[in-house]
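Presented sequentially are two complexes of subunit A, the first with subunit B as partner and the second with subunit C.
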Partner chain A sequence: MRHVLLQTSRLLAVILIPAILAGCHSSPEPQFRFNRVALLKQEKTDLSEGETYPADYQQEIGNVLTALYGTPDQPRFPFPLGAEDPGHEVLSLENLERAAGPVRTDKLGRTAGLYRELCSHCHGITGDGFGGTAPSLSPYPRDFRLGKFKFKSTPLRRMPTDEDLDRIIRNGIPGTAMPSFRTLTDEEVDALVDYVKYLTIRGQHERRLIAELGNLDGEPFMNFDLLQENDPQGQQVDEETQAENLEEFQAQMYMVVGEYLGEDILSRWVEPEDEISSVEMAPAAFRLDHPAHSNLILQGKSLFYGKANCVQCHGETGLGDGQTTNFDDWTNDWLKTAGVSYDDPASYNDFLQAGALYPRPIIPRNLRIPVFRGGNLPSDVYRRIANGIEGTPMPSSPTLSNEEIWALVCYVKSLPYENEGLPRDELPVNERVVD
Partner chain B sequence: MQKSFLFAVIILGFISMPLVSDDGWGSLKGKIVVDGTLPEISKEKIDKDQASCLSDKPAPDDDNLLVGPGGELKDAFIMMYRKSSDPEPAVHPSYEEAKKTPVVLDNKDCRFVPHAIFLQTGQPLELRNSDDVGHNCHIITFNNEENVNLAKQDTVKITFSDADKTPGNVVCDIHSWMDAVILVRDEPYAAITGSDGTFEIKNIPAGTWKFQFWHKKTGFMKKLDVPDYKVGKIKADIEVTIKDGETLDLGKLTLPASSIKKK
Partner chain C sequence: MNRFWSILFFLVPLLGTGTFLMAAWGMAPFQGAWLPENYSVAGKTIDHLFYLLCWISALIFIGTGIVIGWVLWRYDHRRQQRAHYFSHNFKLEMVWTIIPAIILVFIAFYQMNAWAETKMIRPTIMQNGQAVTKPPMVLVMAKRFGWEFHYAGPDGLIETADDDYIENELVLPIDTDIVLQLETRDVIHSFFVPQLRVKQDIVPGMKQFMWFRATSTAEMEIACTELCGWGHYTMQGRLRLVTPTDYQAWLAERRQRQTPPMNPEQEETGTDQAKPE
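This part shows the complex of A and B:
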């Protein structure tokens, strides 16, 4: 009997101890999540209904990305030209290491693993905007992988500057769940800025590779067999063929890194400062104590209802109730796939399964509340009007003059205080200015 | 080891390809026709600014699927298919002048006119608003985004610096039924079918090229029947040989109606 007990306890020990140990200190290393939404969209675009790309395509994209960008614990970045690589102007590996990985104290006694500690709950380990809290937040946390940013000093389709990202991290975004991280040191913010860029570039590259799937004709992106000295039958490959194979491999490598990443993505990230749009001087009447200030407000009001078109979306009342049936680009990216319709939830169930967040219309800003997501400096509001807001229906206004934009800034900044104190239902609906 | 490869490879990539056609120029033409019963074409749902947009007219048909009485398919794209690693085609001198001429996209009666446009990188796109109501012109393609505010009777010129592989969308966020299709390419070799379903691409450098077929309602037309040619299963491409001074007529290209998506 005793013998049997001993045997059983030994058996239990063999089974349990490793399990307990594993539970104690090594939860599985987090992995980047594959962009299944982009793949599904590509399949629906490229293939016949119900067809899918073979699973090894997904595996290969994963392999290529891991080779170039490492893992959430061990980030890497492709600097193919070594120390001379222009990628160094975009981000530094040292910053990535500081931001990546589990929360810990590094060799210099500094806090490391900042992204996981501060950002991943909402933005997700992958930067896909699908952290644990995401479905319950409004607006949803930013999915970086589209490479689009709303609040920046550069125009549409130009990347934000480090300064722009720094500002968002330090100030947060009022009116959303994005808090201020003002207590971080400059170094820590720098590390996070680079890490956000890293996740964005990785996500853009992934989308770029997925978009190329239809062009592969069944071949891999990079065929490592071309580097073998022996063919699959074990025969030595002659020198001439080896040279040809090497050339082909180099061409594949050039596509994946030189073109899809370097030319298509990274080139836009180098020196975005050159693209900053200027904010010209405000007219003297912009000052609150200037005698012509109220005229400037009236000019802005007339533009709001007329030439500047604001009323179409922000509504007759400025309450943001004009156009409420649009979606932002992060949603439209898959919602606009042929065969998908917002009115028919069954048509996009598979996208939700693949990891898309439930589509919610984008509501124009209620201008009666003095909360400005992109910053409340007059120059911030100026840029929103002049450049538009990337990824949203808010358009740029190239036909408005500098003075007209300032008049609008003036009017918009005055809107929250117009008729302040009156009960809500007595707020006069603004009379349309007839021109 | 991989790093040294990359270095060599990137240098190689900068060697530019010759852009002059020694072998002359030829044309490509054909006609796309839909065969079978079409899905019911819905009316546009005009639920805003009716006074300016409709002016007592009945709601128009959805312009994403315009088919003539004989099945002639309008607004299908025929475009050169080139992997990024393939050589760039030579450009015929006649296109140099054409590239300076703006492509016009008008907002008229709250529709985009024309419904489908093609332009080259660097070529001006003139956005017009002929309506008495404000619009915005929101252009979203894989590589480009522009969103221009257009007050009534406004005109704005823009250009694109990046080419796209597939056509993208133009929408007006204010009037949800308004949409158009746009293709931006580096090379001039693309065409859009007219209301008679025909297309012609002129002055293609002589040689062997791939062309592919696309429509908003089908995506790449994988089921398109091109007499005497094999259509690629994924990218709906055919390989054609263009000869100097000759026009290659593909004849009547038939698309089964079943490949048209309903939404």
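This part shows the complex of A and C:
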């Protein structure tokens, strides 16, 4: 009996001790990943072949961003004007704290660390669209750092409203790997919306700083030596120079926070609701049971193949098999850099090393499936056609009249059901598949 | 230590039954481990069957546990009793064949109506004085990783141009025969609402139908219960059971949203074109 127990306890020791040791070892606190792709692109643009910017710059940009935005576990947001700061309209720190950090239960007993629980495995801790699952998804998860959002109620080059982001989180994006988080509470969705905006603003700011590297002539963004009372030789600096130095330092600080962040980025995030594009009245024939409905569909069809030229990308069949050699802006951002060619993978190997995802052409939407990524309401489809889709080859259509856009909406919404009752050989065929 | 093993074997029925009772009464740490509250008519029958099977299994489980424990206790090796070897015993084998057979045949017949009502006999509606199977009111399209609920438009039929879909939210009226058509866009999924006691695998290329009748308003989760890939756990939908009046109001609001504001002036000019019907 005794030796059986002895053996059992030995076995337990062999199994349990490594498990206990592994459990005690705490993993390092996650950090935001530096945007090396943007840096590499900037180096290829500004400098001659093989040259790089000094590593100090990467360190300095990292310091500036950490000072302003904190870390993934301890988010911060620059509100230079305190409680009066208009930045409070953009997002709330309370929401950021709920969404950030490790998954946990907060003091009020609510789930916190929502971003890491629900989003980070695709979008990445940094919001760079490079989470663990990213390479295996098509389309790739969104990289927030470009500040571009596809499905929104505002026109191109405008920021999405909170409601737009809210809707994407709740509805997901049908036809992509973005699932719908319908079971979250309103508060939880609000927290995630703010955190997405926070990651976006941080990423935009980082890109902005990297883009400025060429204008610095080797000087740092902010020269803290200007605040010293003694010059490098150890001499006391006189009061007049000190005042000048302080002024210069403040000017540098104003550039980094006031201009790059405040004027160029944050100002566009304040009240994007004012920019929401209107959806004009639809013609009465839009109603399915209206006698002229089929005429409206035919009008849309002729626009599809004619004036609006949808056929160029969405294909003769509407199956999305037209122009399929374009890239989206997130890929073009570095793929269009000098010396890089899609046909020659060796030319962009260093970008892949730096953390870019392997470039894949963007596939136009197959309109024969009754699912619309940006929402299936007529007003959603109207906005996609009227405003275009940010970051993709889908253009806005300023030349189309209101009625023409509605005719197109009507035609596109009828496409999945167009061939009901047709014999099989008359159905549209995806030519790429048949080849 | 001489009767250590027989005590261990006595613990099996004791702890097993104890765990079950603790779960059934919702005691810590088994809160929420038992069946959730039932919200469907057929669920009552299914729960009844569940408890019946539970009781039959419990009796057999406890009986077997006691017999094994008793044999170990009684024939402990220190008593130096030699075992008696026999190759077979016709009477004993008859007993342990016929009793389980009777139980199984009883269960097979006893559950037949429940199975037929939930899986075979679809609800009917009266049409031109004839009872016809009720058409599905929602097409449930499963996909990696989520649920699309395609609601029939004003024509009452799914898979037509007036359909409206919602992602991951299913709203259904109570006290109404609900028929769902289940399909998948990619791999095998499974539609599971434990509170309604329904679960159905969805196989690519097949149309599955599911029907039930909910009894009271509630909000519950729809889960995918077939491992369908890395995002399987994100396949959570929300099911809201509402009163038929609320359902009609909700449906009207959805349809309202499907109809953009229209130009009333064109109403008259449009009517001169005959619609091919």
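Keep in mind that, in the parts below, the second predicted complex is superposed on the first by the 396 of 435 C-alpha atoms of A that agree within 3 Å, B and C clash if a C-alpha of one lies under 4 Å from a C-alpha of the other, contacts with A are read in each partner's own complex, and residues count from 1 in each chain.
The rule is simple: a residue touches a chain if its C-beta (ideal position, glycine included) is under 8 Å from a C-beta of that chain, and two chains touch if they have at least 3 such contacts.
Computed from a prediction, not measured in an experiment: that's the story for all the values here.
In the superposed model, A:Val103 makes contact with neither subunit B nor subunit C. Of the two partner chains, subunit B is the only one that A:Lys336 touches; subunit C does not reach it. In the superposition on chain A, A:Pro378 contacts subunit C only, with no contact to subunit B. Of the two partner chains, subunit C is the only one touched by A:Phe286; subunit B is not.
By the touch criterion defined above, A:Met253 lies against subunit B but remains apart from subunit C after alignment on the C-alpha atoms of chain A. In the superposition on chain A, A:Asn171 makes contact with subunit C only, not with subunit B. Residue contacts after overlaying the shared chain place A:Ser294 against subunit C, while subunit B stays out of touching range.
Of the two partners, subunit B and subunit C, it is B that touches more residues of subunit A. In the superposed model, A:Ala243 makes contact with neither subunit B nor subunit C.
Those residues of subunit C that touch subunit A in the complex are listed here as 1, 4, 143-146, 148, 150, 153-154, 159-169, 221, 230-231, 234-238, 257-267, 270-271, 273-276.
Touching subunit B in their complex are the following residues of subunit A: 45-48, 78, 80-82, 148, 156-157, 211, 214-215, 217, 249-251, 253-255, 257-259, 262, 264, 306-309, 312-313, 323, 325-326, 329, 332, 336, 338-341, 344, 347, 388, 390, 393-400. Considering their complex, residues 2-3, 5-10, 12-13, 83-85, 134-138, 140, 142-151, 154, 156, 158, 165-166, 169, 173-174, 176, 216-220, 222, 234-235, 261-263 of subunit B touch subunit A.
Here subunit A touches subunit C in the complex through residues 1, 118, 133, 170-172, 174, 177, 179-183, 279, 281-295, 370-371, 376-379, 382, 406, 413-414, 416-417, 420, going by the rule given at the top.
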